Amino acid sequence: MKKVEAYIRHESFEPIRMELLSLGFPSLTISEVKGSGRQKGITERYRGAELTNYLRPKVKLECVVADRDVPTIVDTILKHARTGAVGDGKVFVLPVEEAYRVRTGEAGEEVLQAHPDTAAVT
Amino acid sequence: MKKVEAYIRHESFEPIRMELLSLGFPSLTISEVKGSGRQKGITERYRGAELTNYLRPKVKLECVVADRDVPTIVDTILKHARTGAVGDGKVFVLPVEEAYRVRTGEAGEEVLQAHPDTAAVT
Amino acid sequence: MKKVEAYIRHESFEPIRMELLSLGFPSLTISEVKGSGRQKGITERYRGAELTNYLRPKVKLECVVADRDVPTIVDTILKHARTGAVGDGKVFVLPVEEAYRVRTGEAGEEVLQAHPDTAAVT
Amino acid sequence: MRRCMLVRGLVLSLLAALFIPSAAMAQDGPTVKTLADELNTTWIIVAGVLVMFMQAGFLFLELGFTRGKNVGTMVAKILVNFSVSSIVWWMCGFALAFGGAAKLVGDSGFFLGFDDTISGGLIAGPLGGNGAAFFFFQFVFCAVSLAIVWGSTLERIKFIAYPIYAIVFSALIYPLIAHWIFGGGILSTVGNGVQDFAGSTVVHLTGATGALAAVLLLGPRRGKYGPDGKPRAIPGHSMPLFGLGVLILWLGWFGFNPGSTLGTSGGRFAEVVVVTNLAAAAGVIGAALTVWFKTRKLDVGMCGNGAIAALVAITAPSGYVEFWAAPLIGLIAGVIVVVGVYAIDKIIDDPVGVLSAHGLAGIWGTLACGIFTSPRLADFNGIGDPGLVYSGSFKQLGVQAVGIGLAFVTVFVLSYATFWAIKKTVGLRVSEADEDAGLDISEHGMYGYPEQFIPAPELVGYGAAPAPGHVGGGHGRPMPATTEVTA
Amino acid sequence: MRRCMLVRGLVLSLLAALFIPSAAMAQDGPTVKTLADELNTTWIIVAGVLVMFMQAGFLFLELGFTRGKNVGTMVAKILVNFSVSSIVWWMCGFALAFGGAAKLVGDSGFFLGFDDTISGGLIAGPLGGNGAAFFFFQFVFCAVSLAIVWGSTLERIKFIAYPIYAIVFSALIYPLIAHWIFGGGILSTVGNGVQDFAGSTVVHLTGATGALAAVLLLGPRRGKYGPDGKPRAIPGHSMPLFGLGVLILWLGWFGFNPGSTLGTSGGRFAEVVVVTNLAAAAGVIGAALTVWFKTRKLDVGMCGNGAIAALVAITAPSGYVEFWAAPLIGLIAGVIVVVGVYAIDKIIDDPVGVLSAHGLAGIWGTLACGIFTSPRLADFNGIGDPGLVYSGSFKQLGVQAVGIGLAFVTVFVLSYATFWAIKKTVGLRVSEADEDAGLDISEHGMYGYPEQFIPAPELVGYGAAPAPGHVGGGHGRPMPATTEVTA
Amino acid sequence: MRRCMLVRGLVLSLLAALFIPSAAMAQDGPTVKTLADELNTTWIIVAGVLVMFMQAGFLFLELGFTRGKNVGTMVAKILVNFSVSSIVWWMCGFALAFGGAAKLVGDSGFFLGFDDTISGGLIAGPLGGNGAAFFFFQFVFCAVSLAIVWGSTLERIKFIAYPIYAIVFSALIYPLIAHWIFGGGILSTVGNGVQDFAGSTVVHLTGATGALAAVLLLGPRRGKYGPDGKPRAIPGHSMPLFGLGVLILWLGWFGFNPGSTLGTSGGRFAEVVVVTNLAAAAGVIGAALTVWFKTRKLDVGMCGNGAIAALVAITAPSGYVEFWAAPLIGLIAGVIVVVGVYAIDKIIDDPVGVLSAHGLAGIWGTLACGIFTSPRLADFNGIGDPGLVYSGSFKQLGVQAVGIGLAFVTVFVLSYATFWAIKKTVGLRVSEADEDAGLDISEHGMYGYPEQFIPAPELVGYGAAPAPGHVGGGHGRPMPATTEVTA
């Protein structure tokens, strides 16, 4: 099992979510993060003083999948998240050793994605 | 060392935190996330138009512990987070290679949990 | 490749970011988290009733770097995040198996940090 | 006071007839009499408009004490309640309250028209501009009383309960009490009459009694009491909005009490302004000191509650007491509200403290007349006797207690019956799932603060990023080109 | 009504000359006439001040319907528009609107001074205190009309468009319509005159027409319409702020309509208060029921829009109709606004629903005079004929339609031309990147809610933690020492 | 103006005695004189109520410029200050300021009662309704002045400093200045008197001077100045709340300046309304243009500060200048405030810009009388001489400067001494840990926005999920059953 972590733009999330859903991967988690990288910051002005923000808002997408599904997930993210401008983000793949479904207490790759058919394929 | 990552309901956090504390695991971190999975979304109505949210609010719990403590942590989470309804969440276990306590600069399993007695057992 | 995850105080982030930038590591991501550990909580009072918060606000810093850069990153964090008081936080190192730059689709260690010279050193 | 107005009207008519013959012939031009009428009308309207704005005060006070998931419903609540009450008061409530001089209820003025004639009471005769102003002024009092009711019911009541109870309240419950005390009904015949200048009992205790009936049938919010039965803090989401509410209410009270002179005669309303402000100020100080000594922290909500409680308490005596009594009455009200909230919170979940701030303080204020009413003002208003400190007699105190008792029992019985019927039919409380999700999303289909609850990427919504040529190429899009700096 | 004031002025002067000789000799003391003048002035100023506060109403209504990234700009917008309009009205707008009795525009009162003499019309003669009050009262109407325009343009318009259009609007567009209907211009000669007591057409339709011209040239917000062309919800960020706006507007309307009596004569303004409130209440009920039956959810915004639409609709008839007609007019306005918003949202992106709430409701209100105006009040005001239900004749309805038509065409042509010129020169709409980032950061250099957008550690900013000795050692610093508990 | 009122009173009494004998016999009916009194009282009360609401204006202006962790304390602050001031003004402040005609302070009216007699000055004689209104009106001025003080102290001052300084300020500091300029004290004998119609110096400069004394002893907020000594932006948390504050203040100023006519005589107050509005509008424009040319961004806060500064500046001249001078005075104030804030921010941490908006603009406004006062109005008010542009003489300018100087020195010395004593005893500033945590949690025990600071799961609190049978089985609980859709 692997965890795919992607730092992407807000606008790219909906297309990614929709394609992943149609591919049988409805299960994922996102959170609001702020990132810095090659992208430039912005400077704010307030009553004569300045404030510069080097961190820009991003969405962090986390999705744990079976090893063989990693390329599908990564490709889908890369496809929709790319605008070609700096700040498009990064995708990382981390190892996962075990997974449990809370509702049932089951463990293993079967619990990773919600759709029965996905599970069946496993 | 392992990192236990759990995506759970808000209401289940307090009981989990309290039991972990009593078991000698006070150290953990949480954050607000939004997840999708088997759980259904909701549709909002506003001035004649609609908006559907497929993502539901969850709490992400992160807790790094020594390998042998993983079952304790996972069991505690599973016990309190389960309602039996869809949306109860998932628990994942990831490998961790090193850990440092900032205050002292120490490294190793000893830094993982705050309670001296826990450390002693190690 | 490794992912360095640090849970630190808000005030310590700016110095860390600035030093990492000057060392050639501009790329990182942060998020707002709440943590508990050895640090004490606070009790609030409201209209005769009480509420105790055991969780305190922290910043979570995530930075994926090449294996050989891990000590640099960790040392920088430890240096600036330390006040010597409880609640200074922890740093963890996790393995990462693959990394992609969304903008170009490239994979590998080269994508980790934004500065061309850093890449060159690789 | 109200009686006094009647008298003045008569005197005026006589004067007009006897001493100012020009009034008869110069029909188109203003006379002293018409000007006096117009000035009274102006003041009543100005005061009424200030009281109307107290709706915003109640809205924001309650919003401040509510969690962010239940804020939109409060806005809809205040609009719907005020509106239903407006229409029902016009159809029926006003007629029962002020449409006649009978002991129980009035009998004229249903579906009030400008050409209607009121059969008796304060504004007996053709309605006219002054009567229209009176109608409006009394309506906004009814609406205030209704707004008070809901403070104990926040965050769990079904929306449908609002319009149903609003109808019963505006058509019957409030008009009964208003008629009995303000309109020349039975309570103005107990002793020399119950003293309640602007409604500590008529408006505030009535509202708080409705709130008590509602909350007894409704129960506490989920999570209010821990497994050990001890109250947990459910902090409201915004002290700034609470502060706005308090200040708007304080403002509105300068219409509420001084407007109850129903005119400008003798500049009496200016005295009432001073009395009202002194009491409110002392209320803040009383509450602040009390909560400080109890907890060593200065609870912000309690400071505001202190002001409200003192304003409620001074409402009845505001036309009856001298300046010096006002700070005393207010100070005590400030102490009462803190002690009351702390005590009641142990057993009843009253999120904004309406039972203390309007109930206990309303009772205290009504009783305070029996203690502090000055002979000068009892005489001026022509209602009741001087209070204990002047007369040494407990008589007026007794009369006040009778008024409180009758009002409380009547309102409680009628309100309990109404809420009970609502509970048994359409239901009084939302489901647990709806309560957890919040009333905004469950009853109104949208959060009151969408950006707090809806995941940002789903709010943004539009699909993939535009083609590079679409925006200035090379800029990250969510960033204004003009403000970029080099990293 | 306005005509009537003129007449009254004359009568007063005559009376003063004939019946009250003392007025001539006791120059320093008040007389009945000077008192009447002062009372009128007092009421006009009080009403004007209430109307001025409607700027806050519009601000908060629009803020509520806006996303959190575009809120600071709204504050700057309202301040700059109101200010530019103030100055331009004083320089020019007032003169054209009320500075004379010619058919097209007035001709005196430019750069108004206290000693100026107005050449003709409602306040012909030396300005005086009453004239100053009139000047202010009419200005705040112009400012309301201007504020309405921007409701359809939120979240994408360039700031520079505001002052430019504000100048044209206050100098020319609004003065034309105000003169034609209020100031004795051409529309007061169609039939027996167009009935528009307080400006359903003059103020509200004018504003909404400007809004239509603007939005046609501006286009929808990014993300408002999906790839399928269907409208997506872009929920406003705060229902509490929206509620504040609605209640302030409701309050302000008690200056807007009753103030349009321009005095207290006969207490007529109190009747207008009652009529206004009944209509507004019915509007809330109409809108709430309509949206409930359509969606089974009680849209909070629609309840508020119902109030606004009803207030807009009752604006024209408020001085012409009996009490009973008010709830009817309001109820229908409430239905209209919901149906209107739902229909218009499919094709035009009007974030606050100004086209429905001020446009459709303004038209409905103006037409309603042709239906409900009572003979008593047509006569009293001396403008137009009784409405359809009394006279059985469609004549006044026709006159009203002519008024609506001429006002709409004039305002639309002038506004479209102005916005077109803005678009072709300085530009009407911000870049896509700026729209995405929000107008606050892109046009004003700082977020309106910085803590929502700026990463917390960057906001804190100060460097590393202080030396241990600096704060009580061993305490975590972001925690107040006094409140720590043992973990 | 104030002097004039006195004269009018005398004239009235004479008239009443000589020309209107009926006044004596018809004691119960209104007469022209009693009506005139009542109308004056009505206007003073209405104006006073508007000024009272300025407390909300100051609260929201300051809230907008504050960080979210320090908002509850502001609400408690405004309530406690206003309340302490209310009581102290009644006990002592009013007596010193207006209780007599001596040069230094008044001597009657302590613990004011309705039957008290004032020994001399503006309202010499028995208090009465008009006197009660005067008492209230002057009190709200004192409270405004006090509210201004705290603008420079936000986010770091200890709460205990508020009531202590409020007592000294309301009992002594403000009464001194008010007596000297408004109450017939020493400054009304310099030349022909210092012209300060509504208090640019008495109210605003006094407040700003207190603010200066406080901030010098308090020091800047943590993190305001970088290691390089350059000011860092600490953006306030909410431009909408700031906008609310500005608009409420603007509204309140229509009571502040026009109410200072202390009556409706001659409709003068309507002129003051026009002058006030023109200046405020020009102030927004002046500030907007200045900040735009400086930074090419339209700072929202500066637009609002421009309005406030212009309103402060026009306060003194509002009763002395012709319409045309108002936009000039306002425009210059708008420029001054921007330049002032930018300059002062480099050395003093004044979060809301009170030193510029009330201090510099207050000085400018007071001086502006010496430049623009028209002969007509100097004469009408009976105070001072015409200004430079009319008289060509610098005399009045000199008199104004003397007034400013004496007021500044007096207030500064007394305030600095008071704050110094506070600092040395109970302490003036919270600990660093408390400042970092925010004053809400450290001084009041609860955040002003709990949902922003308390972790959501700890706020929810109730234990494990209920048994399946408890809610509709199979529904995820935090989701309202009625709105679920299929994923």
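When the chains are written out, they are named A, B, C, D, E and F in that same order, and each has its own residue count from 1.
By our rule, contacts are C-beta pairs under 8 Å (C-beta built on N, C-alpha and C of every residue); 3 or more make two chains touch, one makes a residue touch a chain.
Since we're looking at a predicted model, the values are computed, not measured.
Considering the contact criterion stated above, the chains in touch with chain B and with chain C alike are A, D, E, F.
Looking at chain B and chain F, the chains that touch each of them are A, C, D, E. More contacting C-beta pairs link the chains of A-B than the other of the two pairs B-E and A-B. Each chain gets a centre from the mean of its Cα atoms; for chain A and chain F, those two points are 53 Å apart.
Distance between chain centres (mean CA atoms), chain A to chain E: 47 Å. As a whole-number value, the distance joining the C-alpha centres of chain A and chain C reads 18 Å. Taken residue by residue, chain F touches two or more other chains at 32, 35, 39, 42, 46, 232-233, 235, 238, 244, 295, 297, 299, 441, 445-447, 450, 454-455, 458-463, 466, 475, 477-480, 483, 487, whereas all remaining positions touch fewer. Counting partners per residue, chain A has 26, 30-32, 34, 36-38, 42, 44-46, 51-52, 54-55, 57, 83-87, 94-95 as the residues that reach two or more other chains.
Arrangement of the chains shown, judged by which pairs touch: all-to-all, with no pair of chains left without contact.
On the side of chain A, the complex with chain E involves touching residues 34, 42, 44-46, 51-55, 57. Those residues of chain F lying in contact with chain A across their complex are 230-235, 295, 297, 299, 301-302, 341-342, 345-346, 353, 487.
Residues of chain F that touch chain C in their complex: 441, 445-447, 450, 453-455, 458-459, 461.
Interface residues of chain C, counted against chain E in their complex, comprise 9-15, 30, 32, 36-44, 52, 54, 56-57, 59, 80, 83-87.
For chain A in complex with chain B, the residues that touch the partner chain are 1, 3, 17, 26-31, 62, 64, 94-103, 105, 111-112, 114.
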